[in-house]
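Shared between the two complexes below is chain A, which has chain B as its partner in the first and chain C in the second.
The block that comes next holds the complex of A and B.
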């Protein structure tokens, strides 16, 4: 067995080099990236608390209108000012986070999972399966997303869950398309051929070889999608197809605030900021997650 | 000789996210007018970076010349702005690249791309430029240049594209032509044509050629002078003849000994240089070659040797002159070590000698009969008109237990498709594949899964054939998990056992592929193939992507495994020297047909098919004294979608007659185990 021991000893330079590289990376990570990841996590934690127990974060009531305090600019009493009903804006935003989060996250999850499945099956099997599934998404794609959501919302009735469903269905085609093209490129990799030669079943090849390669584009699409979904929900509410509750969600607040832009910028600006931060936070965490899933990083 | 190019102590750094990386270090070389200099070395040695530095193309990939000078014709190139240097590119210096597929712009015609260079550097009319371009196309041997002028790169074959690249490079009569692995992506017969063309052009135009190659055979054939690079430095440079006669640097010696020749004893183990070229991020101290050098001493480990003149050459080695004495203690010690090593391994290689007379009575392990694989090509309106590419078109042969059957042929001849069909990665269009007497093409899903544990495949590309997201344990253990549902410790134990067998450190089981070199990854691929102890392995160009020294390591490993595990190989390759070394019998394929089958020694001694003969004579020989005056086989392989009538080789065959054009020859026996499909066997 001397060939064996020989080639082992001669390759020994490699692990050292790899180790050194790993150590260097860890040192570098402590600084800037760590900071924004922490900030994103803190923001999401704050949203989670406000969605579950909003009363912990404010002593005002989100429905208490105060005619004497209409459109007040941010101050010590009202951190983010008041809206056109005299409600404390901070309170409304905190209470509205439950709906906004549900709308954004759940619709993205449903759309993402459905798009992933469709893309995976169409891309992996190709042929007639691919043609059928892709013509289906083509049909969905011909209708603008918002219009499609409106049609669905009208057809199945404007309950909160139906709105979520409507929005998620409208996001499926684009996701399915992107995933499909990713899968097609992964499918032709040699290691997939190798797995077939080994006798690995189609399901296992899809789950273990192809799926991990799809996380990256999917994460990017879904993290950006959260913001768009919240705004799409707003669009529906705006048209009277969403659910209008006493406590408005962020998107609704944002579109209401638009008409007061010139006199009270804060009504539109702060909901907008909350949504933007949510999208940025999801994006950063998504990138981090993608890096962690990649063994090369 | 008048100096044309001078490079002085050139160092180039690259900016990477982890800081700057020194790619080449104090490289100095001179080129005279009309001289051909070959830059040789394994991948990662800095050959390409050196050539890109001359063109200053490194500027576009975050590279920077940090030290040293490049002068062309007395003018320094280092200080020039990109605008100034672009005046020289194409006019004084021109370059041809390895990949003629990607180096040409797919959206412009060949003619446009040539005229563009002419119009850029010369004040001529468009019509004149076109005339010149057609002239050039004719000169580089492209048939029907007027028609080709208006064609797009995709309409040309690989060899034709490389010719077109050369035409572009020649457009303004450069004084220096840099050719970066110009023939690596081409078949041997085409390679011989292109090298011939380059030689002719040099004589005709008197230009200098800087030829970058990893193939010492090409260097021996083409070069006036050879420069050997290793890990970003020049280790030896010398005139061609003395270098091949008596290499001074241990690395050059190792490279020359690693070449597999057509004369060497097939039963001997291949010589290998231990280990692999170091990564630029983890260079060893002292002499960069010392971890792999058989003569390394303390001094080599601590101090870096400079390039010094000894005899008629320059060498960077502390012991260069000592090693020239046959009885120097360093040499004796190294020879002793090597003897011990060979002794330990001797007696292990018994060339599986088959008794070809009694083969008829033995049942083959695999019997292929009339195998066909046609791929439909859709084209035309609504993709309705269907043609077929006949990748494999009626091939029959047997493989016996314990032997290695080599399959050779130019790319596109269907050899890889054949391997894939045997393993059921592609479904056959017709014919039979009998494995241990059972027809594989008639099996149901379950039977097919079971037979997969008995036959496996090793792929060409060590980078693409293993999943980069998996650990080594999962990669090698995948067959165990699929077939025996092994998990956890039981799986790891078996995986580690196999890792030891293929020469990987078993404690690396939880590493990822990117931490391994090409050769090591190929070992991983082999480990995965043998983990279930199959009987039969298809090696599809398994060593083609590896450097010479590593290639020999992997071949030795494959032969050791064959002996230990009683494997049978189908070894598919285009490198004839490698196939000759490893195979007991060889089949030659041309355009989907098997044209000749013979025991290895018989095939190389008495090739009976004109095509086999042409293939054999196209192999470059690493001996500058044996430069050949030969006429390489003309033309290229026709498209397998519309193969010629009769004998498919008749379009390129020097001995073709009317009978060849009309009547298809069948495989017929012309000796023990020697069969050939030719009406007039040689």
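The block that comes next holds the complex of A and C.
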């Protein structure tokens, strides 16, 4: 929908006949994939706005508890109803998006950088370094990611940073693996040999000649990874291993709402929906990125 | 990671399915029935036989079915059916015979002599006698048993003398008022000496008592079956019948998850479920298909404590200000949806030693809180939190138990209320080991705790350096005047004098804000209409001896 209306306004300067013609063309061009990519972008934009300036999207306070408005079903006043403290659920979700997004983005950045370094070094040098590093990731890989995150969160205690750390660590192995295989295919290229021949240092080769080739797989992985990381983070909160803040994150809200399912389904349903949409959106975008960055196409 | 086009479609289909399921849940909830009498109505003559399935709120790890060893509430609830006690505490707080036919106090009031029943056998066929009682009490105080509640329950225990086959004399070094109440609890339930010797370290997995039910099949982490003890003929006084229990089998399924426990009950997979969360309690009370029994748990009510070893909580004025800043009435109404009352004393209102003189002795008064803190030099900083000499008025609260009884929800409301007057409360969720370590070191400001215990001597544990927790009592209270009262009350055998002492003690605790009592807990049991006559022991655990199922 938004594509269509945007195109009309931007084409306002064109003569009417031409406009109509273009509009027809555009309409035909709007395919299912474009629609869901746009929808994903719109949803993420909405989350970005709510994470940065939540007060634009609601006039309620996320911490105002109201004993006279407990467990109210969705209404015009409270779009998504109220929770078990009488807080406006929409407001709590909007304010809670900051923590979820922050967790996803930061943990993906940490995991991505660590995975990149590991993969780069292992793939470039090969031999004993490769063997050692890859066996290390093998060990990490034998433990399922979520379980690893749970173990770390339990062992070092659930502060926000620890949760991020736990999730980052659990995502390192897969990233390191992919980067390593990319690096291996790159390091045998002619231009790398040429660089070696003129005496360029290892560091220079890695940074100048190999790293650029790793960006596109890394970008795809991190985009999809944001969704998975947020899911892992909400999962930890759900299990009671997250950080309980004044403004609950989505996972904690979902977990709290679960016990109210039979009397107030909306407390669990909407955080669940927000999380699902977020993960789907990031996955769709990641997939689209992969298609676009694929050199074979 | 890669999703094909087809998987998108399936994702969307799954989403739609989830929405439909959710919509379904919404509908079913609103249709719960009309008002009904929730008390067990006259149901006619009991019929023997049948299996009762109990969805237990909690998980009994099967290594803790040792009466003397565990204080873990879910285990205690299960063990009540396996182990009998020497005496029974009746609802009016008098004591009746059970495994002991009669008892008497010595002239110096330091020894109890019990005449035992002569027809009692353990589940393993060995006889119950004076030697068995001696074995049990000696075992409870033996450090090797690692008993906590059982050992405390015996207080100044010295020894047990076997007078003859069915007479024992239990000796204490001083008069010990809580003894009969304590000996009536499962913590001092009678275990089989032969079984303890036979199983040794594995006895907790192979519990043998004299109770109306004995251990059947155990599926670790999932369920536990108790089967009827056919020889049983020594029911406590106050029971509605004699002989074996009516139920052939009691299947206990561990369903720790609130919502699941409810649906297991409502779908008929279980006949009984306990600890019903407030939001469902309201619906169940109104549902004609179920009986709801609510019994006040005799205990030290869940209370907030200040760590008085730390500044500024050693100042009574600060403690008073914090208490005045908390609107407990509104917080409890919000969190428990009107199903729980506000507590005014550390003791449960149904306790024989409760005093109503502490009721309404303080109130929610944010102006008083603000004024007091202003006068003490705590000024609001830029973020709204008060500061004095560069130190923020901030409290750390350690938690390892999660949202049990909605305590974290209560704390969330309290946090907001405290913020209004410029006090910050920070909840730290930590692993249980870290919490007890930090608690021992005194690295906390504010704490919450409850302790189920029928006898008021629990106050000695919570507020005295002479109690079992010693200088590590949770409020770090060290007040000689209070300790003196607590020692007196612990030794006072005259009930009315003891009541007078505990009245003073409760008033003293509230006056000095050594704790802030929060809510009164009702232990709730919901059962299907065909189940009758579930009764409760002291402090409030369910007894299935008289229970029967209408065929």
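To be clear about the criterion, the second predicted complex is superposed on the first by the 174 of 297 C-alpha atoms of A that agree within 3 Å, B and C clash if a C-alpha of one lies under 4 Å from a C-alpha of the other, contacts with A are read in each partner's own complex, and residues count from 1 in each chain.
Everything that follows uses one rule, which is that a residue touches a chain if its C-beta (ideal position, glycine included) is under 8 Å from a C-beta of that chain, and two chains touch if they have at least 3 such contacts.
All values derive from a computational prediction rather than experimental measurement.
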Identify the partner contact of A:263: answer first if only chain B is touched, second if only chain C is, both if each is, neither if none is.
second
For A:128, using the defined touch cut-off, is the partner it touches chain B, chain C, both, or neither? Pick first, second, both or neither.
neither
Which partner does A:197 contact after superposing on A: first (chain B), second (chain C), both, neither?
first
Once the structures are superposed on A, label A:85 by its partner contacts, choosing first (chain B), second (chain C), both or neither.
second
Looking at A:189, would you say it contacts chain B, chain C, both, or neither? Reply first, second, both or neither.
first
Is A:294 touching anything from chain B or chain C once the two structures are fitted on A? First, second, both or neither.
first
So, does A:286 touch the first partner chain B, the second partner chain C, both, or neither?
second
Is A:76 in contact with chain B, with chain C, with both, or with neither (first, second, both, neither)?
neither
Where on chain A do the contacts with chain B and the contacts with chain C coincide?
none
How about chain B: which of its residues touch chain A in the complex?
18, 274-276, 278-279, 281-282, 284, 291-292, 341, 344-345, 420, 423, 425, 448-450, 452-453, 456-457, 459, 461, 464-469, 471, 478-479, 482-483, 500-505, 508, 511-512, 514-517, 520, 525, 528, 553, 556-557, 560
Listed in rising order, the residues of chain A that touch chain C in the complex are 36, 63, 65, 67, 70-71, 84-86, 154-155, 157-158, 221, 224, 228, 240, 243-244, 246, 256, 258-265, 269, 272, 276, 280, 283-284, 286-287, 290
Note: in the complex, chain C contacts chain A through residues 1-3, 8, 11, 15, 18-19, 22-23, 25-26, 28-29, 257-259, 262-263, 277, 279-280, 282-283, 330, 333-335, 337, 402-403, 408-409, 412-413, 415-416, 427, 429-431, 434
Can you list the residues on chain A that touch chain B in the complex?
1-4, 6-8, 10-18, 20-21, 24, 189-191, 193-201, 204, 209, 212-213, 293-296
